[in-house]
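In the two complexes that follow, chain A is the common piece, with chain B as its partner first and chain C second.
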Partner chain A sequence: MIITLANIGLWICIAVLAVYTLRHYFFTLNRLFGTHRQPYVDVVQADWPLLTVFVPAHNEGRVIRDSLDALLSVDYPVDKLRIVPIDDRSQDDTRPIMEEYAELYPDRIFPFLRDDGIPGKAAALAEAMSDVEGEIYMVFDADYIPGPRLLKQLTAPFFDAEVGAVMGRVVPLNVNKSLLTRLLDLERAGGYQVDQQARMNLRLIPQYGGTVGGVRRIALEQIGGWRIDSLAEDTDLTVRLVMNGWDVVYQNRSECYEEVPETWDMRIRQIKRWAKGHNQTLVRYVAAMISNRRSLPWWQVVDGVLLLGVFLVPLVLLMGWICTITLFYAGYPPQWGRLTVLAISSFNTVGNFAAFFQVATASRLDGSRERNRMLPFLLLGFLVSTFSVARASLSRASWLRGRPVEWQKTERYRTTRATKRPGTGGQGNVS
Partner chain B sequence: MSPDIAFLLVLAATLAWMAIPFVPALLELLRPQDASPLNAVGQDSGQLTYFATSFAERMKSEGMLGTSVPPRLTDGSNVVVHNMVSPVAASRVPIADVVVLADDTPLPAGLHVLRECLARRTFHGGANSSYRAVLGQRDVQLAEGSSVLRWIHANGRLTAAPGTRLLGRATSDREILLDVDVQFDRLDAPMVRVGGGGTLETPILPVSAYMPFVPTKAVALAPGYWRVEGDLEIPPDTSVAGSIIVRGKVVVGEGARVEGSIKAHDTMHIKSRAVVIGALSARGRIVIEDGARLSGPVISESSIIVGASVIGVANKRTTVTAPRVQLRSGATVYGAVMSADGGETLK
Partner chain C sequence: MSRVTGRTSRRTDVLRDRGFRGGRIAPHRAMIGLEVGPFLLIDVIVLPLMFALAVFILLDPLMEGWRWIFDVLRQPLGLPGVVATRVVEIGPASVAIPFYTASAVWPTALDLRSGWIVTVVLAAAGMLLRGRFTPFAYFLRALAVIQLTAQVWFTFAPPPFTYALSQYMAGLLVCGVVILLLAPVLVAFTYFIFDFPLWQKLALVIMLLVHLALFLPLQAVVHAWILYRSSLISMPILFLVFGVLLDVFVYVALYGWGMSWRSNSVLDASDRAAPIAPYRAPRMTPPTSHRPVGITPPTGSRAL
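Let's turn to the complex of A and B:
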């Protein structure tokens, strides 16, 4: 009985992993040899729409000044831009800083201060958005430092009437802090430069990531606004937009700096949170996605299902390993012996390294080949992520529904200012 | 050899083999060569005058705008001064120095300048000449067969004669006037106009002057947003309120008016005298006939052909962008024309 189950389980795992392996290679080859699709990047002049930028914050006193200063320095028309920093019951000096900026820039900065209600980023955004106007809503986490052209670049796709949300590229700022930050730098490159852009090229489903991006107000309202009971409100939003007929667009040239976790503990917490949130979204929407009542193209349905299931892959991988070992030590040859051995070898070599190939390609496309020397260390990040995500996927929180969430934050490390306040002179140094 | 020793040797050899890639990895970790944040947040993208502005600031700091022009720049580059007293002679040998045009004296034909040109007054280029980059503090006139390889900026009017190639960025603070048979990549000015003839500016009538039209196959996506399966033809002299997303081809009939944006999954055809108060985007080709009037932006993933029509408004600049753009005589664009794979002007 156990042997039969292990056999069946192994073949299922191999099939799932083969699909994701092919996906990785397909995306990577697309980026290497396919057409780079970026139809909106050259929109430099326009009658820009009314834009509201939200900066949700909870105890972000160390970083929020940089973010606000950067937003004040962008080239978006001043009369069309409102900056709304949201303080959700911070205990540090986040709120006084916001108030200080509101006094200095009363026509540009409009803080939204929360002391009660459901805590969390999604709830804070939902409440703040109900209180402001604007055709386009953009969200930046408090540690993000947008460049001067970023808002126009991210707004340009909304001239396409079908675009519901836009996502820009996130670039780590604190790369040289530790081995982990260097690995995360590589991972981010692979995720954005290859994965997201390939999905954009192939008209699949680029993912809105909840920051460095925007959403069309009317689309957001049509799909029912932010879900406040989701750990991954960004993935949730992406899926709902696509299923309701809106496009999600990725802009690879719209880059913004962020801080990545510098400690493994923080990284593990972050990735477990992502896994739980993603799995919640999988449970919510996979059936609707497959039933496809909205007549999505079949390729978007396939990509949507694979996107939703991506955080189950480590669990599947571990199950595959367990099945393999079980069969080996039980002394039973697997069914279709040679074929199985070939399949196991494939997913343990070619399959597992698909992601590495993707990262290496991203570094090459970014023109930073020296970074690729660090690739072998990705094995460490791969194993940590595999076990963390698998553990998160087995937790109850991954499959719970309808529970409001609280603030889930990544620790900030910045100790010096990354930008200077507009009008104070001098070039900001990036610390 | 005992099996244990053989096993250990194989194990050691395997580990050593696996460790090989970690050697450069460890070296990079201990002595980082490439550990700074990706230089991704560019200053030049989106601001077409970036290089011209930087060059102007440099020329100012080098004293090139004063009464006497220094013979060389601080980086050692030589400076050639061209004026009525000492004009640059016609030569087949390329000029490898920075050229400062001190007055309105025309440059000779057939000149090839490998460095930047700074024109302190009106720039009169000679025929069949090539320049790396040109900054004109007043008007810039490029003669027939000229080529600009990187960028050109005129603080006044920029005019390009037939056969001109404007590679890279061409900008003006006032207007760009292109003759037919001009190739370009990226243009940006308060007004870009092709040909000497006028442009038929269709008057924008009030909405009540049109017959309302609601597409029969339209599904409301959100308030003011319609989605149409298949193709859509908006009948002549009718008006549509709201933005339309069409999963096929779109034809906006003669004299029709759309109060919103249009998206087509296939091609788009804007017929004569049609008015669109919104943006156009299509995966296929967009053809804009003579006399149409659009507020823009106009975005195609394939190509755009603009007839003698008007895109944008004088005080609200816009963008026309596609891999290939053709501007026909009489086309007027208030703003930028961006053509990644090359644009051209035609009769």
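Let's turn to the complex of A and C:
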């Protein structure tokens, strides 16, 4: 009985993982050989809409100056751009810095200072957005350093009236700090250069990541604004926009630089938070998405379900391992034994390799071919992520609704000003 | 062969790519891609079939080679018995897989006690390691859990174990043969599709196949020796962690190396040599001197 159950369980796990494996291969091949959709990315002259850029911050004194300086020097009509740094109860010098910039640039920087209300990025954004004007709202985390052309590139897709949100590419700035930052650089490259762009090409659901991107004000109002009780307000927003008929656009050309976690503890906390938030969104919307076939084509429904279920894959993988161990001790059923062993060895070879293929392709496309020598070390990152995400997925917080949130910050490592803007992907110079 | 997406003519390419002072403007990495051409189809269909067929044809001499390796290493490693063969059906082929007739014993009380010590040490090290050793700590914890299952099984389950050493070796090598047969196909769809020159494609697949052909029997010999010395208690960890999974990571490492090679073609976007002859300033002879003025080197965009 146990053997039969383990065998069935293993085959189910292999089937689920095979779907994600095929998805990896398909996306990678599409990114390599498909036609790239990058709507209006080259528009430089236009009647630009009123744009409000939000920079939510909580104890970001180390990095906020770089972000504000970069935003002040972007190529966007000054009379159409408002920069709104949001300070949410910072205890460091974030607020004095914002006030200093507001004094220096009174007609461009309009700080929004919070001392009460529900803490958290989504709550801060919801409150700040209710207080300002603008046709397009853009959000940058405080450690992000946008390039001069970024705002126009991210705003241009909104000339299409069906576009509700736009997302740009996030490139790590502190790549050469540690093994972890190098691995995260590879993972980010795979995620954006291949995964997001392929989804864009295939008219699936590119994900709005909550930063380096913008949302149309009327779209946001139509879907009811930010959900302040969500652990992953960006995924939540993406799903609601798509389910309400809005398009989400990914602009691979629009790169912005961020700091990735430099310590494993911080990385584990980050990925656990993502997993919980993602799973929360899965619980909220998966049924509605499947039943919402009138407004969504079937391929978007399939991609949406796979996207929402992505943080359950480590759980499936662990289940597969438990089934494999059980079958190993108990002996494979005679009628299925050889086929099961063949499936395991084939899946180990072809299935496990899919993610490496995607990452290697992304590095190759990025012109960072030598980084592919790091490929075997990705196993370390996958190992930590698998166990961390599985633990997070098993926690109650993953499946609760309406849980109040708080600031979930990623530690900043920058000790000096980023005086030189990075020129090439992932090789930014911080002096 | 693959080319940059959207290229229609050499002349258009030249104008499109011409930069300041004759340098070359590389396409942005967000825009770059490959095109499907007739050579690509040859690369992904003919080459892998050729290599898979070659592996198929060479399976018998390969098994002979593995048998020879087993024979040579048996005595120095102190393994009793002889090297025998078992005919296994892999697809349409009958393969004579070699294996040692030596047997691994059911763990004794001493083996079990040693196993518990190893488990505790692995778990403790996994819990104590912090900071930059965190991924290694996770790996040790995973090993500890797998070893724990072995400890529990061999403490409570009655003998005999599901697998004998000979059966285990044969199984491991069968998986190895499957990987050898799959490798050319996998390389075709994950490496041959790129714009590498033919010699690099051939070099990678040959290197991979030769490496695996040597690695697999040596891996089996090491497993056999450990199992013979330490009893069956080591079998779960060897099978689950240091078996097929290790073979796949050998593949990943070699693939990563191959993907880091310079192709001097479209995807070496930021560091490939300029395919367009750079603009050269006309030679000028100053009226006061016969010495020619040095030509200014092109400063074409090499970075994106």
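Here is the rule we use: the second predicted complex is superposed on the first by the 412 of 431 C-alpha atoms of A that agree within 3 Å, B and C clash if a C-alpha of one lies under 4 Å from a C-alpha of the other, contacts with A are read in each partner's own complex, and residues count from 1 in each chain.
Definition applied: contacts are C-beta pairs under 8 Å (C-beta built on N, C-alpha and C of every residue); 3 or more make two chains touch, one makes a residue touch a chain.
Fair warning: this is a prediction, and the values are worked out from it, not measured in the lab.
Q: Label the relationship between chain B and chain C on chain A in the superposed model as either fit or clash.
A: Result for chain B and chain C: clash.
Q: Regarding the shared-chain residue A:I325, is it in contact with chain B (first), chain C (second), both, or neither?
A: Touch status of A:I325: second partner only.
Q: Should A:D366 be classified as contacting the first partner (chain B), the second (chain C), both, or neither?
A: both
Q: Mind working out whether A:R253 is in touch with chain B, chain C, both or neither, as first, second, both or neither?
A: It touches chain B and chain C both.
Q: Have a look at where A:R182 lands relative to chain B and chain C in the superposition and call it first, second, both or neither.
A: first
Q: After the superposition on A, what does A:P376 contact: first (chain B), second (chain C), both or neither?
A: The answer is both, since A:P376 touches chain B and chain C.
Q: Thinking of the overlay built on chain A, is A:Y40 touched by chain B (first), by chain C (second), by both, or by neither?
A: first
Q: For A:E221, is the partner it touches chain B (first), chain C (second), both, or none of the two (neither)?
A: first
Q: Pick one for A:L5: touches chain B only (first), chain C only (second), both, or neither.
A: neither
Q: Which partner chains sit in contact with A:K152 here, chain B, chain C, both or neither? Use first/second/both/neither.
A: The first partner, chain B, only.
Q: After fitting the two complexes on their shared chain A, where does chain C collide with chain B, if the options are 202-210, 220-228 or 256-264?
A: In the superposition, chain B collides with chain C along 220-228.
Q: Which chain A residues come up in both lists, the one for chain B and the one for chain C?
A: On chain A, the overlap between the chain B and chain C contacts is residues 169, 179, 253, 255, 366, 368-371, 373-376.
Q: Residues of chain B touching chain A in their complex?
A: Going by the criterion above, the answer is residues 21-22, 24-25, 27-29, 32-38, 40-43, 45-48, 186, 188, 221-225, 227, 243-245, 260-263, 278-279, 281, 295-297, 299-301, 312, 316-319, 321, 335-336, 338, 340.
Q: Write out the stretch or stretches of chain C touching chain A in their complex.
A: Interface residues on the chain C side: 5, 26, 28-36, 131-132, 134-136, 138-139, 141-142, 146, 149, 153, 157, 162, 171, 174-175, 178-179, 182-183, 186, 189-190, 193-194, 236, 239-240, 244-245, 247-249, 251-253, 255-257, 259-262, 267-271, 303-304.
Q: Can you list the chain A residues touching chain C in their complex?
A: Contacts found on chain A: 25, 29, 31-36, 38, 169, 178-180, 193, 197, 252-253, 255, 263-265, 268, 321, 324-325, 328-331, 341-342, 344-346, 348-350, 352-353, 356-357, 360, 363-376, 379-381, 383-384, 387, 423-425.
Q: Applying the document's contact rule, which stretches of chain A touch chain B when the two form their complex?
A: 37, 39-47, 75, 145, 147-150, 152-153, 156, 159-162, 169, 171-176, 179, 182, 185, 189, 218-219, 221-222, 244-246, 253, 255-257, 366, 368-371, 373-377, 430
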